[in-house]
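Common to both upcoming complexes is chain A, partnered first by chain B, then by chain C.
== the complex of A and B ==
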């Protein structure tokens, strides 16, 4: 089917689903799995209400969204109290995010392909993504901004990419953007094409990288100043109280509302004297992953950003289902790696297990009173294991692919073979053609023993 | 009997004025007991002990009648107006009408007007509540900043506020402004230990040890704390005189109790001082300017045929008064319904009726917190305007501790019964909305010195227990003869396990709402979701295990060298695919191809690999 038809069908299906159950956003607004204190629409609505009544929305503990949301929903789109308009906006954001994903895929695959519809479906049909979107969680916009940044980066337009990423920096917790900055610059500098099977050293044009970093920083500061003006009063004075309430929240965890992540129960149960220490450990632990993964996957920074999104989806503070959803949906971009995943089925089953346990045990604890907090904590541990298993598997497979050996000779790469019979080049253009090429070459069993493979 | 039956509000004064002692002219003391039979057979009794102090604030504190202990506290913290009440039970406005003294909030309530500026006031407020906590043996020390607000509209000063003018350095004259501090503690219990220090403030003690007796003799703790509702209050206010007058400080010590003779006397509502308090008045306070016992006669529809003893002696037909200086002691006041064998409870609340009672009946108010989930709820206030043709306009004040986060954007009001009155929408029913969200407080300076990183600890904000309450205030307009329902969604906080009280499953008390002027709704109990208190070590262990598991696996993957080792020369394992990730490949770099048979495909870290593999 035509990719456009598939896309239109999926979006209208999503919209139809959301509009035919208009009570859903209201029913899901308190759901701790779909929206965190940083992303709940109820809190956004409250913040806008306070803002419109000349009360500093950041003076209390209710509102922790970026001031940019305030300006968006008070001037351009004053629709936050209308569920139908919100559903339309959120669906549009999802559609745009799915479209970005498709364009990332096209940039990576080098043009439109039959897989476009599948890529869009992977985003729009992912329950981890459309449930938070139905609950009107602003994590939809976080994912959208990240995907937009990646899309522009993949297409080589650096300024829009950095602007979108600066927006993502403002909308998401600061550690998220810190983790993704390096791979994003890498995508800008070396392109999105898949080179997982053909690792090469990334030669860093230091000057260009610094310039891009400076541009990004400028955008962040400009948006920050805009945010400060939004929060400030009419005299265009800057107010910075929102910084601690938005960015600071995910570092210091003042709100212990349960979510599917690991932080909330850990710091509910933490001894007060060790709280700062472990807050540091949990934050730094996230940062630790940046360099190893960026270095190891320097030949394919898009893959590195994918893995770091997976790390975030496992260990971020104030996690919602939309974070692992983004990671899982982005997996569609790397079909060449699929065959090298060691345990995709157990990972899937772990996710299924977690997805069933989380709402069940949450209800047992908070509604029925037949379970306690440990029940839900156990379910979040399963979620953590599922996410962790996914990240580890993709990390492993991303490196395993480089040496081939399973499912075909080359899997889309070009290799030079040397051996007793002389020298030749095995070359394949697309991974879809692996089998035919393989059979054409008619390599006999055990060719690897007689040929030396030199990768290029 | 027939004469008194006709009276709506007759007053019997059974006073004894024996002012033989020479009382300093700057101080006056009066005492008063008001007894009011209620329509459900109970008797509301209000003891009021009033001391007036006419003196300049600069006098030395040589008091004769004014309690020195309280005077020192007021002086030390420069308090102009002070109201402290300690109450137990729920005042039932529908059955008991308005109380004779309005401070009937459940638990402890303290509010004070003080001159000065912000930080200074907070320090004095802390000193005040701690001093009062010591004086009255109550947990007023916990009325700290987490419970303190300044709802000035609902708690206007009842007296006057003096204007202190002083000259500042640059020659201008400035006057001090007064600030309000208000805090409630709904879970505070009231007991004998609070009453004993309270009685010690009176110039005539309860008479147990001296032959000078007073109305306080009737304050029998065993009967008082057996009452359906009981409470005590200390009310200090400043009454300004003329321009050059130094003003008067008025101290009112109030004890209120709703006693139930039907319960204690086996079904009859007859009462007497003996049956209510198990004591009689056997003397009067010699320093009291007046010492009166007043009885409010029941209204016609609930009165029946009764006899009051002793009978009123003087006064006009509407408000007879009795001057009974020469009345012999001991004195017992009683009221009896001789024709009534067993008291029959009337229908609950005020219904029908054409008398004044109906017109001035308090609005019926229900306030509750409901939802099935522990994590959030809906606070509902339903208020019924009993008047036939008049709009009811009341101020509505909620002071919610930071344990619950109100979502003010969800505040809604609707008329659920009765006529709409042509009004529609929130803008009509709810007006003058004021909201102050709860704000984070700076942590107490007494952080434990043994803390390894005290400076870091102060950086981490705490959860909701170190926040000020949020204040929500609005004016409600209720159409005549209808019920208005105001709803507000709120979420409950998730606290650290150390922030829960020892009996966490009991829940937390939310202070009652206030419909001003001065209707208090009962406190609410809310249960917060609790963590498992025995889990800290387990959670640390399990979470950190997962953390290290993933970190270890990723670390293992990214630091591993990659290559295909052909083991056909070794003869045991010929499967090159499964050899990936095995132990042998870690040796890449050292391993040399051993001959023509064994070839290695490598994509390792590239160290020492020469031309074979490029770095990944």
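== the complex of A and C ==
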């Protein structure tokens, strides 16, 4: 089918579903799995109400969205109290995000292909993305801004990419954008084409990189100033109270509302005098991943950003299902890696278990009263394991592909194996009467040298 | 690095080779564990977890005067029944009696619309405000008009209602209640109380037409339901299973056990099962062992103990797996209320109103002591006998082991689908004779095909459920069910016609289908076991081996016996137990029990998928 027809069908299907069950957003808005204190629509509504009644929404602790949302939903689109208009806006955001994903895919594959429809479907049919969006969680806009930034970066337009990324910096917790900045600049400098099979060293034009960094910083500051004006009493005063309430939240974790991440339970149980130390540990732990991943995958920064999104989806504070959703949907961009995945089915099954356990144990704790917080925490651990398994597997596969050896078939398409002799099929050793399992292939001759290359 | 890779390879090869025996071992241990659940060493003695309860620590004041009052109420009720009083007349009588006591009393009219016709009735209830507290919490003492004997088959619960009425008169005079007491007489068996509870909590479903309640009270924490239909009773039975497999907090039952034993002097049983050790001459009819086992073995004390506990476990399994409430108390659990039924096991003696009143009075005092809700984690148990129970850790592994074995089977099928053997001949450099070599070639897996088949079967499950819950199906039950079973025989060929064949180099669809089928079934079993162990165990028994053993036929025509077996396993229940089907539909429509939809939308499609695996030819 034509990609455009598929796209239209998917978007209208979603819209039809959301509009024919108008009670769905209300039923989902309290769900702890779909929205966190940073993304809940309920809190956004509260903040807008306070703002419109001339009360600083950041003086309390209910509202932690960016001021940019305030200006968006009070001046440009004053629709937050109209469910139908909200559904339209959120669906449009999702459609735009899916379209950006398709454009990223086109940039990477070098033109339109028959897979475009599949890429759009991977985003629009992903329940992890679909449900938060039905619950009108603002994580939809976070994902949209990240994908837009990546899309512009892939297409080489640096200023729009940096602007979109500055927007993402404002909408998402700051650590998220900090993690993605380096690979994003990498994409801008070396392009989106796949070079996983043929790793080479990245030579960075330091001057250009600094210039891009400075441009990004300017955008962030301009948007920040705009935000400060929005919150200010009148147009001439700037107010910076929102910085601590929005960016600071994911660093200081003042709100311990349960979510699917690993932070909340840990900090619920902790004595107060350990808090600063462990907050530091948890935050720095996230930052640790930037350099190794960026260096290891310097030849393919888009892949590096994909992996860092996966790491964020495992370890960040105030996690919602939309974060692992973005990671899983982005996996569609790298079909050359699929055959090298070692345990795709177990990862999927872990996600299936987590997706079933989370609502179930949440209900046992909060509505049935037969379980307690530990039940839900156990389910979030399963979620953590599922996310971790995904990241580790993609990380391995991204490196393994450089060795080659499995000219596998990905979705019926023969994948070109660079650097190998083209023979992807390996013989079984005769002395061992062992049937080789799918994941464990005898390696080609000379693989060790190539392994060294990857290791560097 | 190389050694690490080699070691890992050798290890996974080892597991892969031993997988069949590992799976067999898991199945055997899992099924054996299920059989051994009633064994005494696996159970432990019950104890009170919540210290505030202090059961059987109070003097009771219920006396023969109150028994006389209960007798008088009984005469009036029997007169009503003798005159074939309508539901409304009965409710008016009870409301008037409550009002005479000075309680705030009222009547609730309700009507459910179901596919088998409307269900209507009248409930009477009264609220006694707590003399000690502000009435933020409440305890319910209830009786329904019909007793739970034979699942509500028209035995009126006269003495149960008289007990509630006389208790109302008695408890009103005491000043020590820290919680409101609510007395409810529900009409019919389950539907009356269901309507009352929904109206009380403001969760009126769309098919229920009812008045709003005139009087209300606080949050209900505990409920005791009294079921006393015989003339006298010998034992006090405890019924505790609620809708959708929910159980009350075990502390409530344990308290009742202590109170009945030490305050009331009445032996406690689980359900109406009598302990064979009390009736040495009846051991033969109480044994669950078949008669070909030598009677010396069957008569041994250990075998009798085993069969007593096995009957208790099986009964709990039957209620819980089907999501049935074993009595009126089962409706309360949904609202986070711990509730049980006190069932007076009909006998010629020796106990009556006197013992029952004392026990209820003391149990209410225990419930009155609570300062916070009963603890979490005491909700997952199997009551093997009144004084012994099993913790979750001692029974859960049985179902989990089977689900793990199924998961292994599914993963192996997935691995197998990814590779194929290719024979080819080469001539080696030394000698010129060609040698045949085997090499393993990776192949793609038709994931999308298998997923489409699965989605189609589940959609058909939804269609099946909406079909059997229509009025029309209920009316023409027997012919329709046979037609449906027959249709399920033809379905696979219809489905498979519509699915395009994958390319010839890809793995056969059945391998991926079987893999997904097993993995999904395993996931369902292990997730369900947390919520409702009995249902998970039932699924493990019905799905475990059949799904694992499903394989395509090697002969040209599909072997009909194997195929028919799966079809009967999937939809045979439609024709074999029509009453169960009607009950399940009624339970879904009126009480919201998930069992019917679950069977149609999850269980049937899973078995159909296995039958489709058999339909393929290898």
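Everything below uses one rule, namely that the second predicted complex is superposed on the first by the 405 of 456 C-alpha atoms of A that agree within 3 Å, B and C clash if a C-alpha of one lies under 4 Å from a C-alpha of the other, contacts with A are read in each partner's own complex, and residues count from 1 in each chain.
Here, a residue touches a chain if its C-beta (ideal position, glycine included) is under 8 Å from a C-beta of that chain, and two chains touch if they have at least 3 such contacts.
This one's a predicted model, so the numbers in the text were calculated from it and none came from an experiment.
Within the superposed three-chain model, A:275 lies in touch with chain B and out of touch with chain C [touch as defined at top].
More residues of chain A lie in contact with B than with the other chain of the pair chain B and chain C. Of the two partner chains, chain B is the only one touched by A:53; chain C is not. By the touch criterion defined above, A:372 lies against chain B and chain C together after alignment on the C-alpha atoms of chain A.
With both structures placed on the common chain, the touch criterion links A:111 to neither chain B nor chain C.
Residue contacts after overlaying the shared chain place A:349 against chain C, while chain B stays out of touching range. In the superposed pair of complexes, A:360 makes contact with chain C only, with no contact to chain B.
Chain A residues in contact with chain B (one complex) as well as with chain C (other complex) are 367, 369, 372, 406, 448, 451.
By the touch criterion given at the top, residues 372-376, 402, 405, 407-410, 433, 435-440, 448, 451-453, 456-457, 459-464, 467, 470, 489, 491, 493-498, 529-532, 535-536, 539-540, 542-543, 546-547, 549-551, 553-555, 557-560, 562-564, 566, 568, 576-577, 580-581, 597, 599, 601-603, 606, 611-616 of chain B touch chain A in their complex.
Of all residues in chain C, those touching chain A in their complex are 1-2, 5, 8-10, 12-13, 16-17, 246-247, 336, 373, 376-377, 379-380, 407, 411, 414-415, 418-419, 437-444, 503, 505, 515, 519-520, 523, 526-527, 530-531. Those residues of chain A that touch chain C in the complex are listed here as 339, 345-346, 349, 352-353, 356-357, 360-361, 364, 367-372, 406, 408-412, 424-428, 432, 434-440, 443, 448, 451.
Across the interface of their complex, chain B is touched by residues 30, 32, 42, 45-46, 48-50, 53, 55, 59-62, 81, 199-201, 252, 254-258, 262, 264-273, 275-277, 279, 285, 288-289, 292-293, 295-296, 299, 311, 314-315, 365-367, 369, 372-374, 377, 381, 384-385, 388, 391-392, 395-396, 399-400, 402-403, 405-406, 448-449, 451-455 of chain A.
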